[in-house]
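Read through the structure below, which is laid out as structure tokens, and then see the notes.
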Amino acid sequence: MAAVTSDAELPSPARLEAFSDGVIAIAITLLVLDLKVPDVREGALGMALRQQWPAYLGFTTSFVTIGIMWVNHHVLFDRIERVDGGPLFANLTLLLGIATLPFTTSLAARWLRAGDDGRIAVVVYCFSLGLVSATFVALWSYLARRPELLLPSHQQLPQLARRRALVGPIAYAVAAGIATLSAPTGFAACVVVAAYFIRPHRPRETLKEPT
Amino acid sequence: MAAVTSDAELPSPARLEAFSDGVIAIAITLLVLDLKVPDVREGALGMALRQQWPAYLGFTTSFVTIGIMWVNHHVLFDRIERVDGGPLFANLTLLLGIATLPFTTSLAARWLRAGDDGRIAVVVYCFSLGLVSATFVALWSYLARRPELLLPSHQQLPQLARRRALVGPIAYAVAAGIATLSAPTGFAACVVVAAYFIRPHRPRETLKEPT
Amino acid sequence: MAAVTSDAELPSPARLEAFSDGVIAIAITLLVLDLKVPDVREGALGMALRQQWPAYLGFTTSFVTIGIMWVNHHVLFDRIERVDGGPLFANLTLLLGIATLPFTTSLAARWLRAGDDGRIAVVVYCFSLGLVSATFVALWSYLARRPELLLPSHQQLPQLARRRALVGPIAYAVAAGIATLSAPTGFAACVVVAAYFIRPHRPRETLKEPT
Amino acid sequence: MAAVTSDAELPSPARLEAFSDGVIAIAITLLVLDLKVPDVREGALGMALRQQWPAYLGFTTSFVTIGIMWVNHHVLFDRIERVDGGPLFANLTLLLGIATLPFTTSLAARWLRAGDDGRIAVVVYCFSLGLVSATFVALWSYLARRPELLLPSHQQLPQLARRRALVGPIAYAVAAGIATLSAPTGFAACVVVAAYFIRPHRPRETLKEPT
């Protein structure tokens, strides 16, 4: 009874999702602030726009990455029936990571072509992505320990999902390692990791247990 | 059964729409950041404000265009019963296009009056609008091939809607062509295309089949 | 039947409200971007912060004004059962007006203390507020002509509400007139007009008809 | 009956919450605009990023603080059945306070290390946090006087919640006092106050009355 009262005091998953959707939608749209209108003399616009290619690359990459994170976020919260303090603060950390992406994307795009500085910038970019993916692991681990928070039909899910989510922080750590050698290669590694999570979940795995 | 499980893992149309509404609402409001308070000596404010007319024109045009896109976005997603990976990523591309509009609008407004540079700027503006309209075509085409994703009473719709949506990318390509000759005329062509889509759908067409 | 089909193609009031809430929430929060961290030498921060008082005044005034507009927006759309093209585009104009407020507020705050320029700036501020209030009149007038769009129990409302809404554009025109003589007095007049609309509706009036 | 009509004219708690969620989500995400990409010569990026530590500290602190405010905001509005003018305008004041946080956070972070100026900056930061916490007190006090606005099972709550909310403005006043002596210590005090409100409510207290 105490537990129920305590849970009743926390926001419902629906509200948590609505708030998270808001933060994610804003972070994904703020990425555009890194696309700057060139302030050059007449006749030089075409060249100035072309030289901004790392900004377009960063915008597109981070936009798609945040989009994929959003899909995976919903896959997770759609299965939760009740939220308690654990997921609540893990989710806040996840949103904090996503909210830093307009900054770290801009940093990586601005410095990508500079030698030592480029490596620093891409390592920071990997770190912010790694923070988000680590909170996914934390969330699935928490749910694996407390399956009663999930909808009844999904109580096997956290085991599989956690194993899959673990790929994230490990891969971003590898990408950061690569970035210390070559900024562009490290950046490319981040794109590959995001692509891995495009399909939020492999149906085969969920179908292992008989239905 | 596998298909159902797979679909159940994807966000519902309601969530997709809520997230899209968020991104579109933010993009449409960020347009205001291109209206700058003039930093001129005293006595010169009136003149400085008048000279900013391309910024007001760009703001108004893009605001109304994004508003029209929002209406058409709802017309499409209101008819979808289930979402799978196709619409999900087409929609992400559509949002990416809309999110670039504060940048491309600002670019077109800032450079509209400059000769060669103006043409480049308006071509870029046409391109971002064309990207959005092309994803509308992709979405309706996908639905035309998979009518089972639609509400039962709307399964004829995609054929008609796709044909109508095709006007978008073609017309924006024409506008870009015009812009290579004259930036202001190309910009005006973009306004005309948006006006064409004001009515999200012609009722006559839907009523052709007996009810 | 044709009318129903046509209406069904337009977003529901619920969606229109959700989208409007998004735009209004963003515009009201973007006002903070006009509060700038002073970039002065050490020891001068206190003075620099005090000299920014018109920015704080503008922020507070516009925040409360937009808040009041939001309340009145809901009072209107809560009573609408179906939306057609008229309210849809009137609402888009209303949102356009609200979206300009971070710009016009910043303009008025920055130039309030400058003689001729201050008058220009406050007239522009009155104009953006007047645009919003004029679309409220347009919306209520439209509903007065088409009471079938309203919930059955509220079909007397538009007559009363329109009369009350008319105060808005007239009062903002007067405020603009005052601003041509004195910028601060014109600005103060805008505050008074907003205060008039704090109570979204006078209960007495709605109770005139027997219940 | 007059009261009911009057209430019916005001937004429902659901809408008030949705709008508040929007403003809070935007304010929390706008904090990232204070993280600036260093514009330094090549080779100096690492150092420049490290020297920005107060900006990261401010971002993290205010992000978590706003997150905690959001949780407490929901705990309050989840228990309200009907909203009238009192909570409506108290809530607007609360949102105004939250909307100023990107500015006051940036101010505190930028000036934290400067002697006298740092103290001014942190006092302003305490003030904006104190404003938010004071409106929580005002809201709970209002509900304590009008328990009929609450869901039937929660009518004892406002007494306890108000007592607990009172800690906020008092503690922020103390933090401001400390900040007049030492800016960093005052800032640390703000962190402690936020931590106090992490658990939105102590279950023990609600369970005092027999169930």
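Lettered A, B, C and D in written order, each chain numbered from 1.
Here is the rule we go by: a contact is a pair of C-beta atoms (placed from the backbone, for glycine too) under 8 Å apart; a residue touches a chain by one contact, two chains touch by 3 or more.
Please read these numbers as outputs of a predicted model, since none were measured by experiment.
Enquirer: Quick one: how many steps at least from chain B to chain D, stepping chain to touching chain?
Expert: Counted as steps through touching chains, the separation is 2.
Enquirer: Quick one: compare the interface residues of chain B with those of chain C and tell me same or different, with half as the dividing line.
Expert: different
Enquirer: Could you work out how far the Cα centre of chain A sits from that of chain C, in whole Å?
Expert: That pair's centroid distance is 37 Å.
Enquirer: Can you check how far apart chain C and chain D are, centre to centre, with Cα atoms defining each centre and the answer in Å?
Expert: Here the centre of chain D sits 26 Å away from the centre of chain C.
Enquirer: Which residues of chain D are in contact with two or more other chains?
Expert: 18, 22, 26, 30, 33
Enquirer: For the protein chains shown, what form does their contact graph take: line, ring, star, complete or other?
Expert: Here the contact pattern is a ring, one closed loop where every chain has two partners.
Enquirer: Enumerate the contact residues on chain C facing chain D in the complex.
Expert: 17-18, 21-22, 24-26, 28-33, 35, 37, 42-46, 49, 59-60, 63-64, 67, 70-71, 74-75, 78, 198-201, 203, 206-207, 211
Enquirer: Okay, in this complex, where on chain D does chain C touch?
Expert: Checking each residue of chain D against chain C gives 1-2, 5-6, 9-11, 15, 18-19, 22-23, 26-27, 30, 33, 85, 88-89, 92, 95-96, 99-100, 102-103, 106-107, 110-111, 114-117, 120-121, 124.
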